[in-house]
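I have a structure here, written as structure tokens, and I will follow up with some questions on it.
Letters A, B, C, D and E name the chains as they come in the text, with residue numbers starting at 1 for each one.
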Amino acid sequence: MENDLRSTLDHIFESLLVLGPEVILSIGILLVIIVGLVKKEHAIPTLLSLLIFSFSFLFIIADWKALAEPISLFQGMLRQDTFSLYLRGLADIAGILTVLMSWRNQESQRNLSEYYALIIAAVLGTHLLVMSTNLLMVFLSLELISISSYVLTGFVFDKKGAEGSLKYFLFGSVASAVMLYGLSMFYGFTGTLDFTSEVFFTKLYPSQTPLFFIAGLMTVSGFLYKIAAAPLHPWAPDVYEAAPMPIVAFFSVVPKLAGIGVLTRFIMAINLRGAASYDWQFVLGIVAILSLTVGNFSALMQKNPKRLMAYSSIAQAGFLLIGVIAFLPQGIQFMLFYATIYVVMNFLVFIYLQYFEKNGFVSIAEYSGIGKTFLWPSIFLLIALISLTGLPPTAGFTAKLFIFSSLWEAYQLTGKNILVWLLIFGLLNTVVSLFYYLRIPYYAFIKNRESELKTNILAFENLFGFVLVLLILLFFFSPGLLMGWINKITFVFVIRYPLSVIG
Amino acid sequence: MVSFIVSGRISEKYSWAVTFVAPLFLLVSALSAGYVFYTIWGDQPYVVQWSWFTIGDTNLSAGIYLNNISALMVLIVTLISFLVHVYSTGYMAGDEGITRYFSMLGFFTFAMLGIVLADSLLLVFVFWEMVGFASYMLIGHWKDKPEAAAAASKAFLFNRIGDAGFLIGLMLIWTNTGTFDLAELAKVQDIYSWQTTASLCLFCGVMGKSAQFPLLTWLPDAMEGPTPVSALIHAATMVAAGVFLLARVDFLFTPTALDVIAIVGIITACMAALSALVQSDIKKILAYSTISQLGLMITAIGAGSSAAAMLHLFTHAFFKAGLFLCAGIVIHVLHQAQQQAHTHFNVQDIRNLGGLRKKLPFTFVAFILSGSALAGLPFFSGFLSKDAILTAIAGWKGSDFSWRWIVFIAAFIVSFITVIYTFRMIWTVFMGEEKSTASLPVVEPPLVMRGPVALLAIASVWLIVSVNPFHYHGWIFNVLHSGKHFDLGIISFISVLWITLAVATSYFIFRKKTISSELLLNNFYLDKLYTSAIGKPSLRLASMVSFVDRKCIDGFIHVSAYAQVTTAHFIGWFDRAIVDGTVNGIASLSRVAGNMTRSFQGGKIQLYILWAILAIIIFLIWTLF
Amino acid sequence: MHHYLISLLIFTPLLVAVVGLFIPAKAEKYFRYSTLGVNLFQLAVLVMMLMRYVTEAGVQFVEKKSWITLSLGSWGMLKAEYFVGVDGLGMPMVALSVFVLLIATISSWTIDKNVKGYFLLLLILNAAIIGSFTALDFLLFYLFFEFMLLPMFFLIAIWGGARREYASIKFFLYTLLGSIFILIAMIALYISVHDPSSSGQLVHSFNLLNMTDPTNFISNSVLDPNNPWKIGPLDARLWAFLLLFFGFAIKLPMVPVHTWLPDAHVEAPTPVSVILAALLLKIGGYGLVRIAFPIFPEAAMHFSMFIGVMGVISIIYGGLNAMASKDLKRLIAYSSVSHMGFVLLGLASITPEGVAGSIYQMFSHGLVSALLFLIAGVLYDRTHDRTIGNYSGLSIKMKSYTAIVLVGFFASMGLPGFSGFIAEIMIFLGAFKSNSVNGLLHESLAIIATLGLILGAAYYLWTLQRMFFGPYDLKGNIAHSSIYDLNNREYLMLIPLAIAALFFGIFPQPLINFIDPFARNFSEFVLSTGKSLTLNP
Amino acid sequence: MFPIHHFLLLAAFLFCAGLLVIIVKRNAIMVLLGIELMLNASNLNLVAFNQLHPAQLGGQMFALFVIIVAVCEAAVGLAIVLRIYQYYQTSVPDEISELRDS
Amino acid sequence: MSFVTVMFYFFEAVAALAGLSLVFVRNVFYGALLLIVCLLSIAAIYILAFAEFVAVTQILIYAGGVLVVIIFGVMLTAKISGRPLVVKHSNLFGGILASGSLLLLLSYFILEQNFQAQQNDIVPNNPAINSIGFGLMTDFVLPFEVAGILLLIALIGAAVIASTIKSKKI
């Protein structure tokens, strides 16, 4: 007992060391709040949170270098592996980008230190969620993201903001309650909370009753809600419209990373090494098709760029899902690639949406002719939107190419028709998406307006945007730079399943 | 040999700038043609080939294949072309498009020589089409005349229709033999079934070019072009190219094909002859007569005697060119006179003319000479060649009575009618009282115009064909003719009688009387038929297709785009209204109206939840059961 | 040095475009002359290439650099290369592109709205076009293929006519749809194909030449030729072929997916119409010859009758539509549909003659359609009206113009002596021969296709008759002062095209020297490979 | 030990009742109550299952944390609802609809 | 049937009834009270399921904390809006359809399922509170920490939202 305890405590201590980024973020939350109480300058919490994210990111790089084998932390609560490290790094980058965006928006922002604290908390939740191998941790970290998100939505502090918060809150709470019910069922089936453990598999394998399917579906719903996949998407447009622009950008990326990360792990777990009697590929396939359709078609008639991007993000969730659906190591790697590109291009779009919003262009119709007055921002925005559509020579194309390749490969292995349908549907939806993605540049370049606004070419946004545009182009011309990293990700879960079982 | 092509090209190029150079070049080419003719005539065919292009294992060559027929043809073409060039310098003097005119004339001669000399059918086709183009340009020479433009288009289009058939024939031949080369093709001895189709397809091209039934209506319209052009192209050479082609590839034809050819030929001959009878436009009469004569030549070919056809071609080329040029003189001088007198009437309408023999004695004589040849009076070349044709048909019809007899009789009738319309024309124009022209200061044209006419008129006498005025077996026929020799002296005799009868009839009956028949005047309403049966429907089809294109295909695209947007709206609507509306509606009917309107405002979170849950449940039920 | 000739062709315009980005928009002259300079430079490079080209040697001027090499763990490697080269198919197309682009630049001199943007887009388009004609790596090809869309979209949408927005979006959507089809097939292909040159590891390569060899397909992959999968009623390989076919057919365009073309042409500014008709359409045909047919020979044989029928339908349908067009540009656009139908017909025959004819037709149509659109543009520049019915007797006022129009029209209807004739003859030869040689097409197709020749004559002659002949008259709101004959710049762009069309009509051999070896190898390869592969019943 | 099904059935019933409340009640606070009901249903499940697998006490632990989360949610939720009252003078979610598709 | 059994089914019934009547009740205040009843009976059931600590927490935090806060909220909103606390129903049909069918599905399949088969270790234990405490400090230390952060965030969030109300008023 004594030895047990000692070894447990040692383990906890070691785990804590590995968990550096999270520790930094936790301390960061406190620091930001305390500093916010003491100092009233705007810049300080911004810089501080920037530092926190950067440190966390550096720590992740260090971890990445140090990591040889996946490590189980806190008795199977979390797993430190390259997969989660990558997503965590991505979340940190998204955090940095959000902070940078907020920096340009801070004059309209109040309660800055709380604002940053909440962002950090959401990133922390993302970190934990993508590492979680434990049902309890899944629930807790999901709630951590959710609760900070609910508050962040309302950070405009007006009627719309409050309404957005309420809607997000109600929908989110219901979704997590449903998910919780599913999780409890899984606990009942297996008696363990660690869904990556051997026990989980051996117990679940014989009990693949319809209840198992219901529970799985309920649980997955909770994750799908986080990535705003149909049919759990309806909150997204309202929330996006209500929230301040940096937060919208944040929402469109970070919770999605978290959701897709945990979804990947969990779906692999309940797919039971390919031996599940229920076809989760089919379930996700339907969800992806729905997301693509609903997202793209609903976006067609939007007049507000934020709502448009909300629907776009629903559709993009569908694309992310496609990577997972392949149920192949490559698929997941490609999904990560896609997610990375998605982060870059979405932030690029939102930077300029914010920029234009600041200059008084709110609805898409008001974008008429801004191509003339704001040449570079419009061009960068155009590139980002092309990338979202998935046309060369942008990384968006490469990413789409990759995930569809993995889908095809999966089809080649399994011969499931749903995968072909998904492939065709996904690609045809690209055509549909062109309609609305090109609406903004269409107004910007083709419609005319008389305006003699003086613009500052050397604006911060342009510098910022230029870097991101370069990234988008760079990852098209040499995706190997990124894939080189991603290739190191050995997604333990999938590898353990022999492909022959799936095929 | 090369000099032909070169001369053709040079004339094409240079006459652009210098009008006088053109006839000169033609003179050169005519002389060299004479030399060529002299060397080739009666000798072995002369063949030169260059590779044109090679695709796959097909080698398409370009070259010259000169045999008797083509040598004869070369002579005809260059000679008449030269004469027409000379004539044109007078006729077209002062025309603003004269450089264009001469260049096209030169181009035409070049292309025509191309047809004649080409060693492969493909090359023939190439020049065949070029000739059509030249003809198009020349018919439409007076561009601002809408009729001219229309006639030009029509001519080209009809030719194109024929050419399409020609092309198919070419393909058939090529697919089956793998060559276009005439010399190679001549080696094909056996009779295959494809030959019938192929040769009939080739004949389609001939129909277009030689204005055979049913593609004959373009030729009368083509008279909108300058008269020398009509003389050269639409009487002497181009239209005869069809006959020439048939003569050249006669080895390909199967008996069935020949029968068809003969029938088509005779139908054309009859129709055109009848039409010629009632026309009032001098050029149109000549045009119809040309068609009719071509019909006879074709019939001769159908009857298996290409030599007879060629002979008639030869004679016809001269006398018909002569006739046209005479008509041209009439038109030209009257025009000039009209301009001096500032009066205006249609100078081509023979009803306006009469008694011109006094004012234009030279023309009158020339016209009489050439006309007699056309009518086939004894001692004229036309008599001999027609005699050859009739003999050929007589030999072909056999002794037993069959449908071929009808052809035979029809041929006689045609020659009868020919006499009638020829003399009607001569009478109305030159004899009788002067009508509208009485007050006009009409004088004979300059020498450049009279000279060629005189030459051609002289060429209409029998001596050009053979020494014996009643026997066509002269130098031409003997060389051209090969194979079995069919001779029937009685035919000459009969035709002499027959023609005398015809002359008498025309003198006594048709001198004063004019026949008028709307049917014949409009050439059996063929044109109307084409317009209403092909032209208009195809235009209607075109507009229909365009309608389909715009409404159906594009409409489909629009509908699908619209459907997309509608779907978008529908999904949005479904999101907000259906779930919402129906649920509310069923729950409490009284609130339906209010809720429906409100439901469109959307943004109801509880409905979102309900919808999401319902979706999951539906999915569950779907999967589990 | 000559190893980099193609790269020079592709990247010079891009480089100049990048430099141009940083030049202020006021320096309009810079953009005009630099574009022209690029074109002339390309012409020089082209001449060098032509001089060094060896006609029988297959693919030449090859440049091969690794571009994307990704390890995918258990799934092998993914390899895309910068792999360019030209052969008997690519060389004529590249030559055509360089030539037509030069003409288009000359014709662009009149553009005065946002000159910078226009010429930069033109340069990008230039690079993309030449890139697609030289790429031998599917991904690279696709990159250039898609890369053409956006510049084209903006060129139409910003500098176009009244309904430019509709037209540009229609153009974009259609072609994007097509490229999505191609993308699906591309993904399927590269996953099913491995690179034989790499030993040990499985390498998925985009190399188009590798894809043509059936032995390079991974066994039991979806597109494995020896054991293809069945999806629905058809073989997976047939589906893939159909995807490629329709993808390229939209570009070609083939009836009934052609309706973007008239609109795009009518609304596009003249130089853009020229590029669109002369070059972009060719990429459809090029893609079929380069990609669809050799990779799926058995499918090509299986569908050849269908393709032939579609070709004939395009010929007739395009012709009829042209006849009904009231707008000059629309007429020319539909005539393009008709002419590209011949390309399909020739390809469907899979005979050396037919294939060579198709390529020749693409080349010839490139010259002639450029000429025709320039002609229409000349008139439009003067009067801003293209309605055929509003003109009459133009030949009186515009003599040289009419002469050029005559040349253009007759060249387009395939009069002997013009390049179109040679092409059509070869296509007819091929289509006719097909039945007896390989039994793919029925002769009746060729016979029906001759109707297209008649229709062509009909609509062109009718137009000539209505617009240029007859008494001089103008209707609508056209000022008489706006009618004047050609100026020097217009001669400069029209005459070379006319001469080229004439030259290749009279002396086809120089061009055929390029095409013929390719066409022979091509048809032999497709037929022999196609026969050796069996289709699942 | 009571049959596990009896716990589960009650939990399922409460879960559905909570859901119904959420969907039906036109008052944000009532919706909040519904959510609490649903969370409790899950808790009941967890505790019941803990009887089957008592070794790690996972179920009970989970239930404890769920209660904590419920507290957090309630706090944030109430704050939001109060703010909504501030702006809209109502707590009927349906009547709050500034945000919608245009 | 032992007393415990009776108690069990009694509390089950109470909980179920309370839950059901929550659906039908129209007054928010009554609703809150009904929920308390329901939660208390669930707490009782917890005790019967050997989860005393959870039961205590349930009573203390839930019934005592959360619901009091909620009732407080009810009072507060009532005061602001000045309207009666009667709640209308909407989407009744859809709601009943959804939750009814879900209930049917769940109960049917729960009855189908044999959970005993998955039993890990049949050690009918009486979990001591100290083992829970031990667990919280060892195995579950991370969730514990995270829960702390969660509470902090919730607090900050609530405070931010509440504070802006004040600032708005000013």
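Rule of thumb we're sticking to: a contact is a pair of C-beta atoms (placed from the backbone, for glycine too) under 8 Å apart; a residue touches a chain by one contact, two chains touch by 3 or more.
The structure presented is a predicted model; accordingly, all values stated were derived computationally and were not measured.
Participant: Can you name the chains that touch chain C as well as chain E?
Facilitator: A, B
Participant: So which chains count as neighbours of both chain D and chain E?
Facilitator: Chains in contact with chain D as well as chain E: A, B.
Participant: Which chain's C-alpha centroid is most distant from that of chain A?
Facilitator: Taking each chain's C-alpha mean as its centre, the farthest from chain A is B.
Participant: Going by C-alpha centroids, which chain is farthest from chain C? Tell me that one.
Facilitator: Chain E.
Participant: Can you work out the whole-Å distance between the CA centroids of chain A and chain B?
Facilitator: 76
Participant: Roughly how far is chain C from chain D, going centre to centre by Cα mean, in whole Å?
Facilitator: That pair's centroid distance is 64 Å.
Participant: At what distance in angstrom does the C-alpha mean of chain C lie from that of chain B?
Facilitator: 36
Participant: Can you work out the whole-Å distance between the CA centroids of chain B and chain D?
Facilitator: For chain B versus chain D, the centre distance works out to 93 Å.
Participant: Which residue numbers or ranges of chain B touch two or more of the other chains?
Facilitator: Each of 572, 575, 603, 605-607, 609-610, 613, 620, 624 in chain B touches at least two other chains.
Participant: Note the residues in chain E that touch 2 or more other chains, in rising order.
Facilitator: Those would be 90-92, 94-95, 98-99, 102, 105-106, 110, 115, 118-120, 139-140, 143, 147, 150, 153-154, 157, 161, 164, 168.
Participant: Going through chain D residue by residue, note those that touch at least 2 other chains and give them in order.
Facilitator: Correct list: 4, 8, 15, 18-19, 22-24, 26, 31, 43, 48-49, 52-53, 55-56, 59, 61, 65, 69, 72-73, 76, 80-81, 83, 86, 93-94, 96-101.
Participant: Where do chains touch, given as pairs?
Facilitator: Every pair of chains meeting the touch criterion: A-B, A-C, A-D, A-E, B-C, B-D, B-E, D-E.
Participant: Where on chain D is chain A touching in the complex?
Facilitator: Answer in residue numbers: 4, 8, 11, 15, 18-19, 22, 28, 31, 35, 38-39, 41-43, 45-46, 48-49, 52-53, 55-56, 58-59, 61-62, 65-66, 69, 72-73, 76-77, 80-81, 83-84, 86-88, 93, 96-102.
Participant: Spell out the part of chain E that touches chain D in their complex, as residue ranges.
Facilitator: 5, 8-9, 12, 15-16, 19-20, 22-23, 28, 31-32, 35, 38-39, 42, 45-46, 48-51, 53-54, 57-58, 61-62, 65-67, 69-70, 73-74, 76-77, 80-81, 87-92, 94-96, 98-100, 102-103, 106-107, 110-111, 115-116, 118-121, 123-125, 127, 131-132, 135-136, 139-140, 143, 147, 150-151, 153-155, 157-158, 161-162, 164-165, 168
Participant: Would you mind writing out the residues of chain B in touch with chain D in their complex?
Facilitator: Result: residues 572, 575-576, 601-607, 609-610, 613 of chain B touch chain D.
Participant: For chain C, which residues are in contact with chain A within the complex?
Facilitator: 67-75, 78, 139, 142-143, 146-147, 149-150, 154, 157-158, 164-165, 168-169, 172-173, 176-177, 180, 183-184, 187-188, 190-192, 221-222, 229, 231
Participant: Help me check something: in the complex, which residues belonging to chain D touch chain B?
Facilitator: Residues 19, 22-24, 26, 31, 93-94, 96-101.
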